[in-house]
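Some structures are shown below for you to check.
Below are two complexes that have chain A in common, paired first with chain B and then with chain C.
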Partner chain A sequence: MSSNQWEIGPIFRALMRNKVGAILIAIQIAVTMTIVVNSIFIILERAQRIERDSGIDEVNSFYLTTTGFGENFDPKSTAFNDLELIRNTPGVLDAIQINAIPVSGSGWSMSFQTEPGEEKETQGGAIYMVDEHAIDALDLEVIAGENFLPIDVRFRQPGVRDWPDNVLITKVLAESLFPDTPYQNVVGKTIYISQTEPMIVKGIVDKIQAPWVGWDDLEHTVLTPEITGFESNRYYVRAQAGQRDAIMPVIEEALASSNKQRIIRGMRTVQETRERSYRGDTAMIKILSTTMVILTIVTGLGIVGLASFSVNRRKKQIGTRRALGASQGSIVRYFMIENFLISTVGVSLGAALTVILNMLLVEMFSLNALDWYFVPAGMIVLWVVGQLAVFGPAKKAATIPPAMATRTV
Partner chain B sequence: MFTYYLRLAMKSIKRNPILSALMITAIGLGIGASMTTVTVNYLMSANPIPHKSEQLFYVQLDSWSEFEPAREPNEPPDQITWTEATNLMQANQAYRQSAMASTGGVIEPQGQDEKPFMASIRLAFSDFFPMFDVPFLYGSGWPDSSDKNRDYVVVISKATNERVFGGENSIGRTIRIVGENFRVVGVLDDWLLVPRFYDVTTGAFDETEEVFMPFYMKQELELTNGGNTNCWKTPEGEGFTAFLQSECVNYQMWVELRNDNEKAQYMNFLDNYVNEQKSLGRFARPLNNRLSNVMEWMENQEVVADDAQIMMWVSFMFLLVCLLNTIGLLLAKFTGKAAEIGLRRAVGASKTDLFIQHLVETACIGIAGGILGLGLAYLGLEGIKSLYGEFVQNLVGLDVTMMASAILLALVSSILAGMYPTWRACNIAPASQLKS
Partner chain C sequence: MLTMTDVKKVFRTDLIETHALRDFNLQVDEGEFVAVTGPSGSGKTTFLNIAGLLETFEGGTYQLDGQNVSHLNDRQRSQLRNEKIGFIFQSFNLIPDLNLFDNVDVPLRYRGFKRNERKKRIEESLELVGLANRMKHLPSQLSGGQQQRVAIARALAGNPRFLLADEPTGNLDTKMALSVLELLKQINQQGTTIVMVTHDQHLASQAKRNIYVRDGQVSEMSGIAEPAHIEMHQAAIG
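== the complex of A and B ==
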């Protein structure tokens, strides 16, 4: 079909007679596209962050903290008695004492290195102080080497600064520390904590995240075999499938009545902790999605409004064209093409603005750079929105009878 | 004349109800979104202590490892060590000063029904209370001497007083905290600080503490470390004393300096102090001490969340789209009225009359949009509260200033949006419109 039949020339010339309206629509489309594309990009990134797997059995687990007070409080016997009590409660799959909870946002990290001394290359790693039950309680798998034995587990008094001799580390940390060695062969190697203190890698576990969801080295984790004797104790309990909610109050009550020299606080499921840790991301996703949808609707309605007006104003001309033999289809086509031309200007400008906004976001807020295909995808979406919006008024225009040509407006 | 224009405006708005509703909604949405995000940003970046923020300074000393800075590119650590906290306090070189730390402990109320509970504790010096204008309901802070004598005295928050003493005047009474008996010397009134500027290490929007006690209790009672503890070097030796003497930072330091002269003197003192420590083999890095006033420190610690800023910029762009929309629709509408305008011009209305008449009409639309926007901003803030949970409670209130500026913003932006369409409408030649 030649361009003559598409009537691009006349449409363009008609547009030029009402430049301002067309420019306003084009700018609206451009800004809308800028917001929509950047929002979708941010939303997808945040969604990916949230979906990362922590490596533990989140659904069936919960934790609580007990804090002792008074002179008669004995941290050591409390810890051992509590663990026995919890593990023997029906419905509990396994339980451990642990110093920090994955995904919770607070914990303890240390630097690790493969050679002793100052000024060596180090890797940060989160520390979980646990005993040999951790593998079952946290739902981990020892993929090389061995789990701790009860004899490996020491009792850590407050104020102690040194570390146990044997540790388990994650596969990712093994690969970061020894980039040239397959992870299986890292078993038995010595790594150094506090620059000079050696530790032997007893085994490699598949995956467990550090507590800080915003950390770059999220899977750099070290398990050290120790039960701590601090005044505050944290227990992590993995229930048998479906039993979590039933045993939470049971365990809280049993602990409270077994020892009155303490308070029990912060009992919380791991699912709730995850929800809290990612609340900012979830909120951002919801807010941006809402903004995006409302904005697109506003722009769409703006197009509808302006198109309706221009149809009303051109009633007489449309009638004349119909009287001269133009089909209903060609009237509809006229408005669709007119909108397509405006949209094309809009999305081209929009493509540039999208990239500029993304560059600003990268510069000011260190977001990631946009993947290129977001830009053409956004252009297509806005083209479709424009065509959908103008279709209604165009259909209405097509129903204007040819007799309109003979009337005065 | 004005009421006449108002009547005309109402007529015109009613004549195209859908179009008018569309414009009002567009302005309302844009204003609502902008006001919501502006409010959050405004409260996040608010000056928590406006009359004194220029005189309060946060102290940083670069005690970090000679091989790497505490934070790139060359930032000193954002807290100080126990050694520095106690040395600077002993030197007593500022008008007012307080080192501080956070910790926690169990409070055991005396009544039989009240269960023991965990309380947040701020360790500070007596200057803390006058320095930060802390409001008291009963009593006052402890005297200087209590700092040195390590008296077992505390100041408790209003909520703690209600929980433990049923809200009575509890001055002089005994409260059991971390297994020790303390004497209450002061009860705070409501003290809401947004942001809680004096310690932002674990988040700028935490609440003020439930208990305040003399700083040296940390050592006396071996209290746990709250907040963040960062070490570039492992403590030498075991036990609590070894930890206190280590290079681990866990303490904050504020000083009050009344003028530039005092500030220069204090800076000079800090430099001399560090040089002295260098001769003792500490402070391996080049001199890099900092004194930041409250707002500089808030800036440094980036208390306004990135997400809140991104949302604000997005909402401004949203408002822009809504205004463009309105301009387009007004343009269409006024062009549609060309015949009417032509007639009015022909029977004697001047261009100015018509301009004012149409401006009144756009202002009406703007005010309606502004009121709608205010309602939407209220909903938006409720939405933010439900999305982010309790820790934004203090960040999502609409005050009178914000409400007035919402209406004003709506009015100004709609009048600006109406300018061009109005100008176009007034320039219609009457003759051409009267012909057809």
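== the complex of A and C ==
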């Protein structure tokens, strides 16, 4: 088939004489593209955020809080007895006392530095106070140095301000503190907390997230070896695979009856905690996806509507073209090309608007800048949507009989 | 050249069957100028549509330029229309959004001619109808007679063997009608076979041959022309 039959020139000139409908559709395509592309970009970013691995065995774990009351409540013996009770419960893989839960949104953070003194460069780090069972309970791996020994673990009274001598830190924190040293060689080095108090890095763990999912240094984490004797303490339990839901009530019940001078509350799975922490992101993804789908459908229907209208308006013209020798394919092609021209104006304008909206979002909500390839991808998607939408009306146009040309209506 | 033998055409709607053509027989030879007259609803347009491959038929045979067209598919029929037949319609059927140049270009593009070839043919045929200087005008900027001339240019640009016209002067006043007829006669003299449906006896009588259609059948007539009367008309248009 020769290029003469594509009729791009005449189609374009005819379009220019019926601009209004075409321009409205082009604008609709541009706006749709702008919103769809930016939405997809935001959705992908949010999805990536949600998918980040916390480093712990979320699926099999849960936690609860016990709060003591009464004159005779002894935090220290309670903690040791509780841990022994939990660890000996069938179905439990391991358990620890811990001051904060990863991904939960609340916890402790401190500043760390490699040289003592004021006004040195510091790195923030989340603190998890745990004992030597943390590696198994949290499903971590010591990738350099060694785990805590029972002897490293101290009992921390309320009001104590100093810190244990040995700590474990994550690989990411090791690399942030000592950018020029391989993380293996950070083992044995001294770091300083509260500006001047030294601690020795006893080991490096692979990965555990801090509690705050929105924090930039999400993997800056320090494990300190201590059992705490506060009024309220938290136990983190990792069940054997598939046992979590079965042992949750068992442990709650066992703890409650083993010591009547406390209440147990806030028992929750880590999965639920994650869902709560990312609720905003999940909601955003849902809203943007829905908006996107609705907008695309509306635009598609707009194209179908405009094309159907113009097919009906041009029935006689289509019959005449058929009488003059147009095949059915030529008629379909006419409407496809017409739509392609409209879409091309739409997606070109859309490309500019997409970038502008992204720049505004970057400016106002400090989102990331769009990767360039989102723009051509969006253009192609809307071109395809347009061609699919116009195909039905175009097929219908092709069924208009040539004899329509001689009908006197 | 164009031979119809016992051609039948029935239109079926929910309630009625209309036998638009019944055993329609006609032969038109190369170079003829045939005028078709007949009462309204007698089947003239139906005949012309079938002759021009705009419509299919049920029974009988139709040979166009020696080719039996009964079994052609839609695509082949389109191609045949494009190459062999030029159409002229009562209401001109120009495409309102295209200028004269682009209007005449329409069938040439379907023909697949190259750009230069198309340009040459468009200019020649608009020249022939006396509108070469209006190429960039839209149809709406022309009078009815001029529009029909453009339609004739469009029909002729592809050098068809046949020109089929359904009441080409039906929407024109007498003066313009006669000038269109003159143009058709001139075209016929240059070798194009013309079949023209008309209500106007005076116009019909100027054709070389007249046929009369009634109830979907042909009854040939001749010799009803009144030369003196027609010459008077021609004198009137100068």
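Everything below uses one rule, namely that the second predicted complex is superposed on the first by the 403 of 409 C-alpha atoms of A that agree within 3 Å, B and C clash if a C-alpha of one lies under 4 Å from a C-alpha of the other, contacts with A are read in each partner's own complex, and residues count from 1 in each chain.
As a working rule, a residue touches a chain if its C-beta (ideal position, glycine included) is under 8 Å from a C-beta of that chain, and two chains touch if they have at least 3 such contacts.
Fair warning: this is a prediction, and the values are worked out from it, not measured in the lab.
Colleague: Under the stated touch criterion, name the partner, chain B or chain C, that contacts more residues in chain A.
Modeller: Residues of chain A touched, chain B against chain C: more for B.
Colleague: Taking the superposition as given, does A:Ser257 touch the first partner, chain B, the second, chain C, both, or neither?
Modeller: neither
Colleague: Quick check on my understanding: which residues of chain A belong to both its chain B contact set and its chain C contact set?
Modeller: The answer is residues 408 of chain A.
Colleague: What does chain A use to touch chain B in their complex?
Modeller: Those in contact with chain B are residues 20-21, 24-25, 27-28, 31-32, 34-35, 38-39, 42, 67, 69-71, 118-119, 158-161, 194-195, 230-232, 263, 265, 276, 279-280, 282-284, 286-288, 291, 294-295, 298-299, 301-302, 305-306, 309-310, 312-313, 361, 364-365, 408-409.
Colleague: Taking the touch rule as given, give the residues of chain B at its contact with chain A in the complex, in rising order.
Modeller: Chain B reaches chain A through residues 19, 22, 25-26, 29, 33, 67, 105-106, 108, 115-118, 178-179, 224, 234-235, 237-240, 242-243, 305-307, 309-311, 314-315, 317-318, 320-322, 324-325, 327-329, 331-333, 335-336, 383-384, 387-389, 420, 424, 436.
Colleague: How about chain C: which of its residues touch chain A in the complex?
Modeller: On the chain C side, the touching residues are 45, 48-49, 52-55, 74-75, 78-79, 81-83, 87, 89-91, 93, 95-99, 102, 105-115, 118, 154, 158, 166.
Colleague: Considering only the defined contacts, which chain A positions touch chain C in the complex?
Modeller: By the definition above, chain A touches chain C via 1-2, 4-5, 7, 9-10, 13-14, 17-18, 316-317, 320-330, 401-403, 405-406, 408.
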